[in-house]
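I have a structure here, written as structure tokens, and I will follow up with some questions on it.
First chain written, first letter: the chains are A, B, C, D and E, and each begins at residue 1.
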């Protein structure tokens, strides 16, 4: 038995300890974060799998209550794993931070917060830990080079968490209970309100349309480990909330016969679809590798939303699977970019090139990650996308299907861009002495890649687990046999695909090596129509990669203009109040007094 | 112990201090120490001065005023201690102010309240005259005088209808005599406006900017922390035990809501740190009065406590910062905390508490506010509060990030150890209360009952 | 009757506050306002044909007394008013010392 | 080790021999159309003579091509490009030269800018005569090349490899030393 | 286990069959086109000669990723072909011939080739890959919408299942004529036939992704291209033309589809890449969606 409370508290304590240690020895403190997150992950995984977690609360006062559920456990294990993996990068980046001690503290606090969210038994607990995650992770962001995204993140996260708070309080005012189960009691308009508010909370955290604006800013500009943690871990809180909102609340509404689902779910699916399309389109045109991955995170969040909104066994399994697969792949991709950033000090695709010759392992990790993100076998992303497609087709949602396919194919485009221009292409001379990732960084890279591969080849264990999870929501398990997953209209056998793929590659490799040996030539020795090119940069195609395609749609998403406008309006309002009410003229107050009294006397009030 | 000592000692010392200027500061400190000691030793009850029972002036010590006295006196004491240098010239005034503040919290008589209001007001004008901005102070004086005049007018109207000035007797009398609500609207509105001027409610608060914009640590903490808290508590008592808002409640609610919104929005649009904080203070006081107007006493008191503590930290540090760096433009203050980490920590904790993030006291307060508002099914108001605190959070986060991270050259400022220790203790207090609030909530539990009991008991003296 | 007069005075005071941009004039308006207020207070205690509120042992006289409390209040109020006026004038002097004028419009923006 | 290297070389020869069987029926051309003889290629390719029936076709890059067509005179400026392109082709590779200009400079023999003898700089497998050569002789030239491949006598690429120093020296003599500033200024 | 081994052998056979078939038919088509242009045309086995010649040449290599990409590309495509049913009974992995496997496993091959091409360091190759990917984004979505309709109507995504459904209920080419047309356009895009061959564009970007290949890598990529064509055309045959119950039928349908596509290709010029995108997202997508809505919610 191990108590959740103890996990949360000891993580917090470890954070404080790491803080104290890192005041003098930042690097040691960052090693502590590795140990602490390892401990959290292993405890959760070990006791969680053995159903041995204890939800009792003895030490934390007041209204904090925990409970164990497979649902929470699934998320907690994934997220703590991501935190653990990313923590390996901390020792290398810690020296770049202005406040290393604070980084270590907030890193572990954010971990504790996420664990708290996933095991919360009532909404107050959920909200408290949710907000803890918000503000601790918020302070991780400005440690990078840019300060502005912090505010953006705070605003969007807070919109989400306040929406949730309102929903929670509203539920409380009706049912008189903060329990998680209370929302399922609601009905009618109030249920719809709570549904919308919780969905907004999930959307905001997951970075779905129209709240995706924070993702590229935050993930693009914050320190690299933080970006990875956000993309793989903290963003998943949104999926957690969206799950609860969509599956636990059943507001009476119109049942759409054609797609076999309720209107509000359909609207969520449409929003997910918009997220996918917008995320994909924007990711295609990004020049910053991290921003590109950030938009891809938004787009993948859209998949998760679509899958949840369809709420059938197969789609929910798809959602759960996608959460895991995306967490692994996206973290790996972010970490790979982090290695490049660490070695070259830039993440601009147009400035980089030929990194594969310096860091082949990082390249392989990134390659595997994008294979998973693009949903290509034999990686984890394929299975989740397959499941989601099965569900989409089953529900015959054409518009959503168009969006999902668009996102799926579009993901080839954007994931390929860093691959082609950053890792491949000419070996630029300015990065001459760049070395492969340090040993400690390689560990998480390799583990994440293997994990992604493992769930892509042998999905049974994950699906077993997610069957237990969706059973908690009252959905039947997804059928499996020895080789395959039974979908709505077909069977998928990941091991067979993987082995056939392996066979194909082996056969071709044998043929390849039998054939005459090739002559090695340099990268600059390429066909240039007989022209002589001596400068590597001129032979490197990396800027404006998809220029012909990018011409077809506007550069800035419309919604960001709307947000800029809102900000400007608030400012204007502030200046208005300052002008009319806060002046140095003594008569202003008197004027207002007289006006109000006149109003009183004149009106029927007296 | 008789609570009248709380008022009498400072007044006496004030006279003494005029005799000999040299002893002014020590006298102030002694008076403060005595008051702090007294606050923690007086017992609850109703004390009538001169034995006139309900005909004379009464001082009421119940849980409500006790909490108010403790908070105000302690913060007053610490403010004086941490700003010893600035105090020198103002010792007498501060003694008078102390008497006024204690009187406001203790008195149970409407006219007596007016007198103390004027005492506090005049001392406030004198305190702010130290800013070297005579026009702003004059502005404050005019508005304050008009405000208290209106309060007096309302009071007299009320007296002419009910025939009593005893706060505990007014409600019962209104019920007894069955005075129509429409007759009561004018006096209560006048009193509301009168107090509203001091409580920084929106259309009546154009003085705030001029006064606090250029205030140093002492002035700003006293005006925005101590006086604001006192006025808010007084206002709260009036709103919960005296006022019958009836038909004007809509106007009142609109005024309060607009105060809240305008404060936060104006702070959002501000570029100077003191402006940001003063507008934030306006919004906070709007929220506090709003809670009182809705009968939510416990959350309001919690908010007052959270507010005074965090305002103490914020204004003290800002004052010292501005003193040290000679600027209050946020842009030119960038990164100041990187050289003063402890101070920065306290400032950060205070701001996070004001925003209402968990692990800090402000969160508990916010949760309480919303829970109580929702138990009244006040959907619109709570939505407004959330929107407003989103704006608040935005500019505070922006401010914090700017103060911690610099782009260019970093200005430095010195803070003496005492200030550091006090602000740190307060910051830790915010954290401790944020994690473990039970003693406070327990002690607040009885406040509304006691307030109502006082009316019920003494309705039949 | 006197109540109306006092209300008119209060109005005049407020009008003066609204229209005057001269520090001294503002203080005078403030005084007018306060005088109106004080008059109003006294008028509240007035009883038509009442006696001075002096206890003489005659039990019937109590009923026809003028209310003594407003008189007491107005004393305090006048004192406070004087104090405020004095303070206001002191500030006016300071303002003059700083800006060299009593006209608010001529002081420029702070 | 010695043994293995030998087998490697033998392997290559084996592959070449095997490839020659296919190659003589599938020749991919890279056309270096600087001279006027190029005008005759379209006729040879299109309906009238249909080069494709012999398995020949145009290719876009030297990497893919088997045979380099030099259609006409060659100036000093273009020699560098030509050598560069030739060296980019994968072995086995052949060169077919059109017209008299590549043999002795033709009508441009006294120009300061034209090279007179191409075979000093690149190994030529087949010359096609005529100024300009008519399509029949072009086709004839290609069938000759196929016969040469069949007879294993199209060994220009081996000569170039074996006598590389000589070729390089000639090229250097013709070109002089090239000072490279950047892509646009030599 | 032995069942799977057997299946794998059959699968390899299918891949080999597909390669042979497409290479032959490709050769025949070159002849057909030659005749169309009043030429004699090459021999029908010309493509085999080309490929084997290329394989035997001594190639160049731009580094390990250049070779690895080729292996991955051809391996991936071979693996894809192994799942492809030829007739309704001749299928290597019965029950697993899921439509999505083809779509995504095909992508492995594409990714491998793109990777290898970019690894060569030639910017023209990268441009070609960029165009290929953009074109893929264009044609794939309308095609998928049509296929969803088919899957939903037939209730299965297994190709043999769809075949059997059509044999019982008539071809989708007849029952979904609009979708058939759209899918045929998409097929042209997939095969890289004109007007959708912007990514090869020999005279503009020197054959795009293939610019640096020569020798065995080029040969293997030809092999890959043949197998990929086999997969795409077979998919079309199985999805719309009722599949085949015996090999002859399959060959006939396959030949017709490929030849028609090739003939159309020879009558057309070339789109710019953004025109391709706009083209596919205008009418084909709209028609596909309309048809899907009409068919599914009738």
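Methods note: a contact is a pair of C-beta atoms (placed from the backbone, for glycine too) under 8 Å apart; a residue touches a chain by one contact, two chains touch by 3 or more.
Model, not experiment: these values are computed from the prediction.
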| field | Most centrally placed chain, judged by C-alpha centres | value | A
| said: Taking each chain's centre as the mean of its CA atoms, which one is most distant from chain D? | reply: C
| task | Can you pull out the chain pair that has more C-beta pairs in contact than any other? | result | A-E
| request: Average the CA atoms of each chain to get its centre, and name the chain whose centre is farthest from that of chain E. | output: C
| query | Taking each chain's centre as its mean C-alpha position, how far apart are chain D and chain E in Å? | reply | 35
| Geometric centre distance via CA averages, chain B-chain A, whole Å | 44
| remark: Whole-Å distance, C-alpha centre of chain C to that of chain E, is 97
| request: Find the geometric centre of each of chain A and chain C from their Cα atoms only, then give the gap between the two centres in Å, rounded to an integer. | output: 67
| Where in chain C do residues touch two or more other chains at once? | 14, 17, 26, 104, 110
| Could you say which residues in chain B touch two or more other chains, in rising order? | 135-136, 138, 142, 146, 210
| query | Going by the touch rule set out above, which residues of chain E reach two or more other chains? | reply | 56-60, 206, 211-212, 215
| request: Mind listing each pair of touching chains for me? | output: A-B, A-C, A-D, A-E, B-C, D-E
| Inside the complex, what are the residues of chain B that reach chain A? | 135-136, 138-139, 142-143, 146-147, 150, 182, 185-186, 189-190, 193, 197, 202-210, 247-248, 251, 255, 262, 265-270, 338, 352, 357-359, 363, 367, 370-371, 373-375, 377, 379, 382-383, 386-387, 389-391, 393-394, 397-398, 401-402, 404-405, 435-438
| query | What does chain C use to touch chain B in their complex? | reply | 10, 14, 17, 23, 26, 30, 33-34, 37, 40-41, 44, 69-70, 73, 76-77, 80, 83-84, 87-88, 91-92, 94-95, 98-99, 104, 107, 110
| said: With touch defined as at the start, can you tell me which chain A residues reach chain B in the complex? | reply: 61-62, 98-99, 124, 127-129, 131-132, 134-135, 138, 142, 147, 150-151, 154-155, 158-159, 162, 165-166, 169-170, 172-173, 570-575, 577-578, 581-586, 588-590, 592-593, 595-597, 599-601, 605-606
| request: Provide the residue numbers of chain E that touch chain A in the complex, in ascending order. | output: 4, 8, 11-12, 15, 55-65, 67, 70-72, 74-80, 82-83, 93, 95-96, 98-101, 104-105, 107-108, 110-111, 114-115, 118-124, 126-127, 129-131, 133-134, 136-137, 140-141, 144-145, 148, 151-152, 155-158, 161, 206, 211-212, 215-217, 219-220, 272-274, 277-278, 285, 289, 292-293, 296-297
| query | Tell me, which parts of chain C touch chain A in their complex? | reply | 14, 17-19, 26, 104, 109-110
